[in-house]
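Structures for review follow.
Two complexes are shown next, each including chain A; its partner changes from chain B in the first to chain C in the second.
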Partner chain A sequence: MSDNTTKAREIAKKLLQDGTVAMVLGWEKGDQPYVSAPAVVRDDAGADRLVVDEFCIHDLAALLTDYRDSSDKIAIFAKGCDARAIVRMIQDRVITRDRLYIIGINCPGMKDPNEYARAESGLSKAKPADKAAKCQSCQYPNPVIYDEILGEAQQPGADQRFAEVEKIESMSADERYDFFIKEFSKCIRCYACRNACAACNCRTCIFDETKPQWVGRSTDPVNNLLYQIVRTMHVAGRCIECGECERVCPAGIPLMLLNRKLIQDVDRLFGPYQAGLSLDDDAIPPLSRYRVDDPDEFM
Partner chain B sequence: MKSFLQYLGIEPERYQLAWISGSEGQKFADIMTHVVAEVKKVGPNRKLREEHE
Partner chain C sequence: MKVLPSDKIREALNILAGEAEVYAPLVNGDVSGYFKWADNPAEELALDVLNTYMSPKNIVMPQTENMYDFEARGKEAQVIRVTNAEGPRVIFGIKGCDLQALHALDLAFLTKGFEDEFYKTRRKDLAIIARACYQPGPACFCESMGVDRLNPQADVVIHDLGQQDFAWEAKTPKGEEITSKLQGILVEKDVKLPQAAEQQRKVDITGLSEKLAGMFENPVWDELSSRCMNCGVCTYVCPTCYCFDIQVSNRGEAGNRFRCWDSCMYREYTQMAGGHNPRDYKKERFRNRFLHKLQFFNERYGANLCIGCGRCVILCPNEVNILEVINKLKEVQVDA
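Now for the complex of A and B:
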């Protein structure tokens, strides 16, 4: 059992026993060695199931939306990306800081369980990478917000955030359109990208509405692309680049190509900005606040 | 939004945004003429249509 797992269980038990929190959000081993699934534990027996290993890739912060109406105090484990997601959740008033006890994890990068599942089942001959694709260019492996912390501080990866976007931009307009339509013809509208997203925390989602129905629900390439255009616009300036949408996509659509493009646009129009780094007033996303000197070209 | 649509391969001429007050009739007319002229230049839209094959 790894050092972090032992410590995580001790911390969880202590917090539950002394009544600091009513529940702990962490990970437990799933049905495969390469699966560490999100877990909600409320007692010692539960705390003994918790693990912190190299497969804890799920972003736990998105689960906080399930507890927005309760008043329970929650302890939550947070990697670098999860911590940024938690900051966003607090800024979006999903939850208050005083209801959270954040156990930070300095994250060395996680492994992608999907890659292991594909390799094991023989669907893919590729050897699973040491680090998930989304972790390779991680800029904030160390939590920006926490009450206590596990592990040694880590170095950020190489900054290649916009490399893929630039590749797309070098293509012609028709090539770009054909590329995206081809990618989105694979979409099955499972909405996993929305459900895994920490920025998608609206109580009522526009895509669940039927009166009026804003976006067609059939799975044709155009409606699929329109769905993602709307979703990307809605999370613009609030996306923390955790890459969960892309990771959970069963069709393997490169969704971060869209998110990163809008991040680039927000940087260009409002000045460099990265979401979820701080709870300060001046760290509110540029599209969530008003300033007199905001550019006119926001749409 | 315009830059985003352009990124997706949509002609930027098709999406134009302007602030026009209720009292700016002439400005409205000018901008509409401009929009129509620009869209005629790029021709009929073939992208993001429901009947996409």
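Now for the complex of A and C:
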């Protein structure tokens, strides 16, 4: 058993036993070696199933929305990206800081269990990567917020955040249009990208509204594109670049391209900004606050 | 025995496509499914992988299907065209699991005194060329769900001889007809059918449907659903999930009514006009999905609504695993 797993179990047990928290959000092993599954545990037996290993890729913070109306205290394991997600959840008032006990994990990068499952099952011939695509250029492997921390601090990856955006921008307008129509034609509207997203924490999502129905339910390039563009616009300035949307997409749509483009736009309009780095008042997302010097050329 | 040589498969599909809409397992970049055959060079035949990500249900119930077009003037509305998708169709390469799923869809759409016209139109002239499955994957558990993977009930059964040559066996008059169309392509050869590998994953669901009838309020659903994030991946890749919604789209005075896949994982699915939602929380939606698969369908039709293809297990972003769910449901002690 790895050092982190041993410590994780000890910490979880202690927090549950002394009543600091009512539940712990972590991971437990599934029925395959490459599966570490999100787990909500409430007792010693549950705590003894917890693991921290190279397959803990899921952003547990997205599950915090399930507990927004309770007053239970929650311990949550958080990698670098997850910690930023938690900051966002607190800033969006999904949960308060004092309800959380954050066990940070200095993260060396994870493997993607879905990628392994596809390959191992025989559905895909692609070999799974040693480090998930979303972890390759991670800028914040070490949690920005925590009460306790596991593992050694890690070095950030090479900054290639906008490399793909630049490739798309070098295309002609027609090429770009064809590219996006082709990609978004694959969308099956399963909303996995939305549900895995820490920035998507609205109580009622615009895409679930019926009166009026803002986006048609038919799967066609127009409605698919409308769904994805509206979603990207909604998370502009709030996306923490965890890459979960792209990882969970069963159709392999490069969703982070749109997110990164919007991040670039926010940078250009409001000055450099990265979401979820701090709980300070001046770290609130540019589109969630007002300043007199905000750009207003449309007025 | 007749053999369909690997280098003639595209040609065979082209011949069949001359007279029918042909669907085959295809890979296009990151997606694979049973798509309409158009001999598109961007699409590779997915015969060397276990199965496709997307199930073949789109052939009989497309994700979005137009029903009729209308015009409305003031209070008067007139249907101007009802969609008619009649015509022969052929599905090539479907496996036993997905074929059993198709039979489950038949139960839902064609029996108990209800016939779904749109489904029936697509289903009635569907010829089936099924692929016997000798090498199940580690995620497969079709046998536990009663699938005969080696002898699928089809018009033609093909057997993978390696190198993607397929032994060809016509099983019905419709199958003979297809065989005769491919006379110039099929070759006569002495072949030895492959040895079937054993399926590793197993689960016993005997008595589960009856047990579940008393477990609606069981607290185990809280635990089981806790990791689910309530997206619709499982329902949309599932070959047996058949829920759909009927929607309307209109511009000015013209419009159309269509139906599209819907998912019990979505809150909107049970949203009622007055604002109440009987499945407001994810536990209730999660529970519904598994009870429909393992109890409700069984009670109504005497069959499982899970056929053990493993797609939901493989593709769930948060590692929900129907086998684990079944095993935990079996472990729960319920008062008699």
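Operating definition for what follows: the second predicted complex is superposed on the first by the 292 of 299 C-alpha atoms of A that agree within 3 Å, B and C clash if a C-alpha of one lies under 4 Å from a C-alpha of the other, contacts with A are read in each partner's own complex, and residues count from 1 in each chain.
Quick note on the criterion: contacts are C-beta pairs under 8 Å (C-beta built on N, C-alpha and C of every residue); 3 or more make two chains touch, one makes a residue touch a chain.
Computed from a predicted model, the values in this text were never measured in an experiment.
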- Message: If we overlay the two complexes on their shared chain A, which of chain B and chain C does A:Lys261 touch? Say first, second, both or neither.
- Response: first
- Message: I'd like to know which partner A:Glu166 touches here: chain B for first, chain C for second, both or neither.
- Response: neither
- Query: What is the contact status of A:Asp178 with respect to chain B (first) and chain C (second): first, second, both, or neither?
  - Reply: first
- Message: Applying the document's definition of touch, where does A:Asp31 land relative to chain B and chain C: first, second, both, or neither?
- Response: second
- Message: In the overlaid three-chain picture, which partner chain does A:Ser124 touch, first (chain B) or second (chain C), both, or neither?
- Response: second
- Item | Most chain A residues touched (candidates chain B, chain C) | C
- Which partner does A:Thr219 reach: the first (chain B), the second (chain C), both, or neither? second
- Once the complexes are superposed, what residues of chain A are shared between the chain B interface and the chain C interface? 216, 220
- Note on the structure: Residue set of chain B touching chain A in the complex reads 1-11, 17, 19, 47-50, 52
- Item | Complex contacts: residues of chain A adjacent to chain B | 165, 168-169, 173-181, 216, 220-223, 225-226, 229, 232-233, 258, 261-262, 265, 296-297, 299
- Query: What residues on chain A touch chain C, complex-wise?
  - Reply: 30-32, 35-40, 58, 62-63, 66, 113-114, 117-118, 120-125, 186, 188-192, 194-196, 204, 208, 210, 216-220, 244, 247-248, 250-253
- Contacting residues of chain C [partner chain A, same complex]: 29-32, 48-54, 63-64, 135, 137-140, 223, 226-227, 229-233, 235-237, 245, 247, 249, 258, 260, 262-263, 266-268, 271, 282, 310-311, 313-315, 317-321, 323-324
